[in-house]
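Reading through the C-alpha cells given below for one structure.
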Amino acid sequence: MSRKGLIDDLVSANHILFKEGVVDGFGHVSVRDERDPERFLLSRSIAPATVSPRDVMEFGLDGEPLNPRGRRPYLERFIHSEIYRARPDVVAVVHSHSPALIPFGITGTSLRPVFHMSGFLGQATPIFEIREAGGPATDMLIRDRKLGTALARTLGKAPFALMRGHGSVAVGASLKQVVYRAIYAEVNARLQSEALRLGAITYLNDAEAANAARTNDGVIDRPWGLWKARLKRG
Amino acid sequence: MSRKGLIDDLVSANHILFKEGVVDGFGHVSVRDERDPERFLLSRSIAPATVSPRDVMEFGLDGEPLNPRGRRPYLERFIHSEIYRARPDVVAVVHSHSPALIPFGITGTSLRPVFHMSGFLGQATPIFEIREAGGPATDMLIRDRKLGTALARTLGKAPFALMRGHGSVAVGASLKQVVYRAIYAEVNARLQSEALRLGAITYLNDAEAANAARTNDGVIDRPWGLWKARLKRG
Amino acid sequence: MSRKGLIDDLVSANHILFKEGVVDGFGHVSVRDERDPERFLLSRSIAPATVSPRDVMEFGLDGEPLNPRGRRPYLERFIHSEIYRARPDVVAVVHSHSPALIPFGITGTSLRPVFHMSGFLGQATPIFEIREAGGPATDMLIRDRKLGTALARTLGKAPFALMRGHGSVAVGASLKQVVYRAIYAEVNARLQSEALRLGAITYLNDAEAANAARTNDGVIDRPWGLWKARLKRG
Amino acid sequence: MSRKGLIDDLVSANHILFKEGVVDGFGHVSVRDERDPERFLLSRSIAPATVSPRDVMEFGLDGEPLNPRGRRPYLERFIHSEIYRARPDVVAVVHSHSPALIPFGITGTSLRPVFHMSGFLGQATPIFEIREAGGPATDMLIRDRKLGTALARTLGKAPFALMRGHGSVAVGASLKQVVYRAIYAEVNARLQSEALRLGAITYLNDAEAANAARTNDGVIDRPWGLWKARLKRG
C-alpha cells in the first residue's frame, strides 16, 4: 500500500470508530509504519472524528514524535508505542472508552465471546489495574513508558484488554482487523451484559472461537466496505 | 410480479433490514423464484446495505449458484437452500445476528410473543445448537448442506428459529412478511427481556397469537410502505 | 383555529409521534371536531409518518367514517370513538405500542410518575385486560364498539391507560397535550424501569404530581415548538 | 472574550446539550457576565435547541431580568441566580432532566465516578429533596429564591447535584467545563447503572478522581471542538 493509502486508511479508521460509537471526543487509533517497523502513525491530539491526513504524526517506539512541527501528541501515545515494542505481530492499535466495556472492567467481569462475530476474544480477556504499576494516585492515564510497558505486559499475547476505570485496548494485524475488533468487542459486551440477566450463558468454546475468528478474518473487507460507505453518506 | 419487480423488492428488503437494525455488515435475505420454485435469489457476498440489483444471484436448492459470473456467494447460502427444500410454503428467508435475540439463544431463554405485533412467533421458538449436528469444533456457520438440513429440521414448521451463539432465521410467505417477522422478532426480544426484569409476564395465548398474526398479515403493506419511504429519505 | 389549522396540527402530531419514537408503522392520533363535538378527525389506515392532510377522514361517535370516499379506516377507530363518547372533556387521543410501556402492561407493573414531566400520570395508571370483555381468543385489537366501550370504562377519568399485550392510550384536552403525554409516559416508563433496578423509588406524591402537571400544561408550547422544528430538519 | 463571543458560546452550549442528549424541550444553561459578576446570561423561556443570540437575556443575582423587553424568563432561573450568589467560583450552570440521572435521584443511589472521564464527580454527589425546603406539595420546580437558596445549600462546594424527581444541576468554571460535566455525568450514570447489575464496582478513589479531573480540564477544547463540529453537520 502507498504511504498516502495508509494514511487515508488511518483517517478512515478514526472516522469509522466515531461513527460506530467506539470513540467520542477521546480515544485513538494507530498503525505501524509499513516501511519501518520501528515507527508508527498516530494523529495529533484531536477528536478522532475531526482527524485529517495533515494531523497524522510519526512516532518512534519510545513514544516520541519524530517530526512534531508544533503539533501536540496524545498524552497516552505510550499505549501504542509499548505495545508495538512488545508485540512484533501487531500492526494496528485502538484505544477507546467505549461504553459497554467500562462496566466489565470496573466490576472485574470476564469478557468472553458470546457469538461468532467476537470469536477473536478467545477465552480470557485480561483486565489492566493501573494501581499495580502506578500506585493508588494516578490520573488513570498511560502517560509514560513505564505504564505503557505494564499495560503491554497485561495484554500479553491477547487481542484485547480491558483497563479498569478507563477503557480498553484492541490490537490487530491490520487497521481493518483492529477496527473490526474494537467494534465487535463493544457489541459483545452489550450482548453479554444483557444475557447475564437472562440466565447462564453458553459461550463459544476454544475451538469455536478460534474457528469463527479465522472465518471472519477472511471476509473482513465486507464490514470495512460498509463502514466506509456510511462515512460518505455523512 | 415482474422479474425486475421481484429483484427490486429483494434489494429493498436488504436495505430495510439494515436501516431497521436487523442486519449490520453481515446477514442476508433471499426470495424464492416465482417462475421456478427450485430456485431462489440471493445477493453475492456483500453487506446488505450495499446490495444493488446486479449483485443478485440465482441459486439451486443444492445451494450452488447457477450463473456466478465471478461473483462470490455467501458462505451460509445453505441456510436458505435447505429451508426452501424442506418447506414448500416458504417464499422468503432472513438470516441475521440482530442484537436483542442473541441473549435468548445463548441462555436457552424461550422467546414468546409479548404483544400482538409478534403473534406470529406462536408458542415455541426453537433454538438450534450447532454442536448437535456439527460437533464441538465448528466455526458456527451453516457452511454446507448437512448443517443446513439440521437447521431446517430444528426450524420444523415454525416461522422463526434462534441459533445459539450466532443469530436467528425467519421465514415467510413473502418478502414483506419475512421482513416484518425479522423486525418484530427483534422488537419482541427487547420487550420480553425488559419485562422479565419487572415480573412474571402474561404472554399472548395460542388463540391470541394466531389471531393477531392473521390480522397483521392483512395490513402488511402499511409497515412495508413506511420502511421503503424511510429508505428514500436516506 | 381554522379547519385547515386543525388538520395541519393533526398531521404534525402524526409526524411528531413517529419522530419521537412513540409510533412506528402502527399507532394513531385523533382530534375532536371543534365545530361538532359528535365528530372526530383521524387518518385513513396508513403509517403515521406518511399521513398528509388528504388522508384525514371524519368519523361519528359510532366509529363509522362520514365521508370515506374509498379510503380504508383503521380497524381500531373504536378506541377513539368510544373514548370521545364517554369523556366529553377529551379533545384528542393517541394510541400506540411505544416500547417502554409494553413491559409494564404485560407484567401488571404499576406505572407511576417518577419526575415532574410525567406528573399528569397521577397515582394510578389503569391496565386494560381484553380477556375480560372479549374473552380468551381475540386478536388483541379494539375492533368494535363493545371493546371500545370496555377500554373507555377501564380508562375511567384517567389521562392514560395501558393495554396488556398491545400498547397504551393517552387522552388530552388538546393535540399538544396528548402528544406531550404520549411522549413523556414513554419516557417515564424507561426511567421507572431503570430505577426499579437500583432500589426503592420515591414517586411524586398526589400534590406534587397534580401541581407539576398544571405547571407543565402552562408551557406546553415549548416542547411542541421543538418537535415541530425537528420535523422541518427531517 | 468579546460580548458577542460569550453569547455565541452560550448559544452553542444550548445546542450542544440538546444534540448530545442532555436537554430535550426543557433544561437551560447560563453563564456569568464577564464584565459584571453580579449578572448572568440566560435564554428566554424556549427549548434550548431553538435558542439564538436575540433570545439571550441578562439577569441580576436576584433572578430578575434586567431588560426583559417582553421576553418571558424561565420559571426556574433561581437555580442559576442563587448558585451564582453562593458560589463566586462558578461561571456557568446547567440544569437538565437528563435521563440516566433521574433513577439515581429517585432511589437515593450515590452517583460516583466509574471512570476517568467523570473524575470531576469526586466522592459524594449530593441529592436535593425539595420537600425539606418546600414542603410536601410543591410542583417540584425551583420557582423562587428560597428554593434556589436551598438547592445551592445542598450543592455546597460540589460540581454536581441530583434533584429528586426532577433532574440535576452542574456547575463549572467555564461554559466548556460545565457542558463537559453535564454530558459526562449522564454518561457516568449510564455506566454505573449497568455496572451495578454486573457486580461490585471499583470506583475511582479520591486521588484518581481529582487527578483525572485535572488532566481532562487540560484538554477540554478537544470535546468542545467535536461538539461544535457536530452542530454544523446538523
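Letters A, B, C and D mark the chains in the order given here, with residues in each chain numbered from 1 onward.
Keep in mind that, in the parts below, a residue touches a chain if its C-beta (ideal position, glycine included) is under 8 Å from a C-beta of that chain, and two chains touch if they have at least 3 such contacts.
In this text the structure is predicted, and so the values were computed from the model without any measurement.
Compute the shortest path length in steps from chain A to chain C over the network of touching chains.
Steps on the shortest route: 2.
Chain B-chain C contact: same residues or different, taking over half shared as same?
Different: when the shared numbers are divided by all numbers used, the fraction is under half.
Rounded to the nearest whole Å, what is the centre-to-centre distance of chain B and chain D, using the mean of the C-alpha atoms as each centre?
Whole-Å distance between the two chain centres: 46.
Averaging only over C-alpha atoms, locate the centres of chain A and chain D and give their separation in whole Å.
Distance between chain centres, rounded to whole Å: 32 Å.
Can you tell me which residues of chain A touch two or more of the remaining chains?
Expected reply: 197.
Using the touch rule from the top of the page, what pairs of chains touch, sorted by label?
So the chains that touch one another pair up as A-B, A-D, B-C, C-D.
Considering the complex alone, what residue numbers of chain A touch chain B?
Within the complex, chain A touches chain B at residues 114-117, 119, 187, 190-191, 194-195, 197-205, 207-208, 211-212, 214-215, 219, 222-223, 225-227, 229-230, 233.
Along chain C, where are the residues that touch chain B in the complex?
It is residues 24-26, 45-47, 49-50, 75, 97, 99-100, 102-104, 106-109, 136-141, 164-167, 193, 196-197, 234 of chain C that touch chain B.
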